[in-house]
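Structures for review follow.
Each of the next two complexes has chain A plus one more chain, namely chain B in the first and chain C in the second.
On to the complex of A and B.
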């Protein structure tokens, strides 16, 4: 899941300052789950913005709110076409993807990000999210017992642990588990410690040409005579 | 901010509460959960309204109901059932039931005769009159009430309670003919009655069928109680035996004590576990000095020297019989003699229906009726109550009377009886993991007279709750059927927050990966409602309860009219503060206008609610929980989460975070009055400063 946190109110107020009518657009998937931009956060932000405006005595903005199921698909954007037409800007509480899909779909409407998209991760306890995947495009989890050193080791090294590990924690932050110790313990548990002894050559970071694209469809080929 | 912009995101008229076990068990299907909840909030008059809407004579039930509701109450699975009957009595006394006047208008010309004035007859007359029919009650005795009058002892039902209900019927225009025994139904039809309801009860005591039963000094329970209740003072001598294990045997024994008997025994041929009498009544009889001889029954009575020599035999329990109880088997050679002045037989009663009624009689001398229409074999003649069912409870009779009124109305208006649409029931038991988390609380009983005081006369033995005890007892209700529900399934992101925050571990993921909140386990704490990021969960709404949004609206429209500033809004636990009336005393001297939004639990208050209160013009907000009284341990934790969230937001917009406070009102170390005064003072200063700043600017 994509994890994000809502931007501070001041920053949001600054962003929307030039626009009179603003639609606060929530996202019903990851942003709902991580509590950054679901139905509830949309209505909380809506109230907060109105209250802040009332405190300053100005009446500049008119807000409206709506939450779509998913902002990362253009079809959902089509559902709010009428609402979008009536506003001067959309304040999207979707992740960075949602903001961009909205921007692509509504070329004439400014779309502003209401959250800072943080990482891909999981909930580890109530109210706590942790990063788990860096989307490196070259997954090695089979060799590292299902624990990603790219994401979870501060240095991202492929042949760990380094000399900075102490009592199972990382030298960079004593609150963080050393990913390589975790890997070691789990390999031991699985009876695959031989994987620790192997050398893993450095990854070729040049294989990630941004922006990446995935095509998962066979183009119809005339020569094969389907016509 | 104009009020019309206020987002009320949830449907206001939503009511999907399920029927709790108590309501199902009640023959009248009274909305027990509803009135118990209102009592817990201290809204006793409203509780009385709910009670009266489901019961024609609640004051009577408040004394004598056998409370099957309490037997099925799911609180019993946790510790002890809610004292529902005693709470009803409290609502009757404190809600001002005596002041209530009933009205009825005649809209139809068809006259209806009610033969017999027991609970079934009275209830039928009541509802027929409400429907607009002219009704006449015929009663053979000198006063109305049937078994309520001649069967139930006064210490269980004071006669003034009955008199008030009868008085109300008279007010409603019911014609009453006492001392009038109906001998022929044809005559009633000749007199112009279009329908007749036969409810003559079951007053005929069953006979033991043993030698010497005709001796003077042997009397059947129904006759004995009738004589006492009609004001005769039969002389029972010093030693009395009552034969039987039902409520009549207990009533007869306790009545004999009150008539001056020194030694009273009950002879019962099974054991205490099989006694059909109400366990509480048995307990009270024992307290008063009644002795119960188990596994004993008389087989012969001889009268010698003005005393009764009763030959008894001992029993042992055998195999289970048709009644589901073990069959008592006499032990050969175990005969023994006892001596009494009076022997009261109370082994059962049956109706006695005059042959001239020409009604089809079935098993146990009862009248045979169609179970749906309640019609007998004669057109226009309906029957109900003990005369149809055999001896049963007051509440069952009231239900029969209500049903009869409905059926008679349908008959006279030529309508087909329609099946009633009922709410789906909550029947499942609580799971052990749910029970474990529910805070245990003992059942509070109203006080009773001491046994030695009771036997001095016929005073009612049960006293009434004081306010605090009633509220505390009512608060124990688990609110079965009012729990959380995922109302907007399409919004649910299956984030599993509800599953994680539920203190009772109720929500679960089903095999399809859909989250389920089983209604039969939910304890209606409302935490998941406020924590659902998709706002997809609601609490099933009992009638007339406002959602917090709506309540806020209401509060502000009232506050606007008063115009008093600064305005402080309190989200207060509707039980802890409201129920006991502590609240009103808290801010007599407060220098602010304090508006209260009563909430089911402060854990249901969402950050948006608090923010909205500020948006609507509040200068300060406080959340007041009930502290140690809360059914859960972690309520304050959730309140803090939300308060902190709003504080952060306030801080970001340049408002003082102290404008919002969370109090726990009944925590011992904390003096709520003092803290509240500090708070109002602080808000007052902030308000003053803001006003001054405004003036300086101008």
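On to the complex of A and C.
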């Protein structure tokens, strides 16, 4: 899933300063699970902004709140068209995708990001999220025992550990496991160390140039009546 | 024909001695020039570091040009941290065109340990891929498969960490470096001979030259600091204790003593093919070490 964290209140206040009516828009999927921008966080942020405003004695903003099931899906944006028309800006607590889908859908309304989208990852212990996928477009997990060196090695190198690993940890951050030590141990356990002995050529960054697009050919064929 | 003077020395069977100079941060090269003059005739080749510990400095290529101008034999250290494959290839073409024909291929320290922590880490290639890229250039092609107008020829090396706390994964990578064409290895710091001996029992099956890395310590505090902060450095507690036993102000003397003792033992026991002395900012003591070790 996509993991994010809410921006500091002061930054949000600066962003919304020019706008009177602001819709705080949550997302019911990843942002809800990682606690950055679900219904609960929308409500908390709404209260925090109102409280901050009351403290200064000003009455600049009028806030409203709503949470859609998925901001990254244009279908759900249609559902909030009326609410969007009534406001001067949308403060999206969706990930970077959600913010942009909203912006594309409401061309006349400024859409502001209320979270910093961090990475794609998983929860590893209560309240701790760790990155697991870099969306490199060229998955090699079959060769690395299901542990991604592109994501989990700070250098993203493909042919084994650098010399900086110490006590199984990374030279860049002593709290982070060295991905290549994990890969080695798991390949050994699986009896597949020969996979590590292979040479892996440089990555093909042609899979990366942004923005990337994926056409689902099966679906496209069906629409053309060829499926 | 040998690709460089250094390659000729490597193949001569003599005990090889290399050392390194670290360029300064800034354009005043006088200290580096002083160190190059001091060392160039006492060693078989002189490495110039490439933004060591990810600290921005005068470039390795610039330092190697100075070594060359001053009549020394340079080893260009190249890391993959700061340049993508185009920039790496281009730098190598320039190096060769100016007579810099020895290259030490390194992945490079993480950006996070240096002084530009917000920089974009490149790592388009790793050390193994860099070694292969050089062999590709030598074949007259670039990495895009295009023909070169004039191909370079390099004597190439890499690093290895015989004292790593998890040695097996390091050995897997070492073998990949050998297969990629590495001719010589300059090891990470060696402080006790058991790990080097074990490593050499294994490494002697390969046709490569191993130069044991000797880091000159100036105090117990420096050793501890490097243990905690410098990637790849593992100084055993016994060495730290020995440094700590030195009289006040005599730490560097003790460090020199340890370096000399280690080098002598390596040479006398014929453990490997040579030594690579890293004085980390105290290059002026290297001639004393070389002399005292009888090199």
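Keep this in mind: the second predicted complex is superposed on the first by the 214 of 227 C-alpha atoms of A that agree within 3 Å, B and C clash if a C-alpha of one lies under 4 Å from a C-alpha of the other, contacts with A are read in each partner's own complex, and residues count from 1 in each chain.
Here, contacts are C-beta pairs under 8 Å (C-beta built on N, C-alpha and C of every residue); 3 or more make two chains touch, one makes a residue touch a chain.
None of these values were measured; they are calculated from a predicted model.
> Clash or fit: chain B against chain C, after overlaying the two structures on chain A?
Result for chain B and chain C: fit.
> What is the contact status of A:156 with respect to chain B (first) and chain C (second): first, second, both, or neither?
second
> Quick one: is A:190 in contact with chain B, with chain C, with both, or with neither? Answer first, second, both or neither.
It touches nothing on chain B or chain C.
> Contacts for A:55 in the overlay, against chain B (first) and chain C (second): which applies, first, second, both or neither?
First partner only, chain B.
> Once the shared chain is lined up, is A:78 touching chain B (first), chain C (second), both, or neither of them?
Neither partner.
> Per the contact definition in the header, classify A:208: touching chain B only (first), chain C only (second), both, or neither.
Neither partner.
> After the superposition on A, what does A:135 contact: first (chain B), second (chain C), both or neither?
neither
> Regarding the shared-chain residue A:8, is it in contact with chain B (first), chain C (second), both, or neither?
In the superposition, A:8 contacts chain B only.
> Could you tell me how near the closest CA atoms of chain B and chain C get once both structures are overlaid on the shared chain, in Å?
Closest C-alpha pair between chain B and chain C: 26 Å.
> Considering the complex alone, what residue numbers of chain C touch chain A?
81, 85, 107-113, 121, 123-129, 132-133, 143, 159-161, 164-166, 168-170, 172-173, 175-176, 179-180, 188, 231-232, 234
> Across the complex, what residues on chain A touch chain B?
Within the complex, chain A contacts chain B at residues 8-10, 28-29, 32-33, 35, 38-41, 43-44, 46-48, 50-52, 54-55, 65, 67, 69, 126.
> Which residues, counting only chain B, touch chain A once they are in their complex?
1, 7, 9, 490-491, 493, 495, 500-501, 532-536, 606-608, 611-612, 614-615, 645, 649, 652-655
> Given the complex with chain C, which residues does chain A contribute to the contact?
154-168, 170-173, 180-181, 184, 193, 196-197, 199, 201-203, 205
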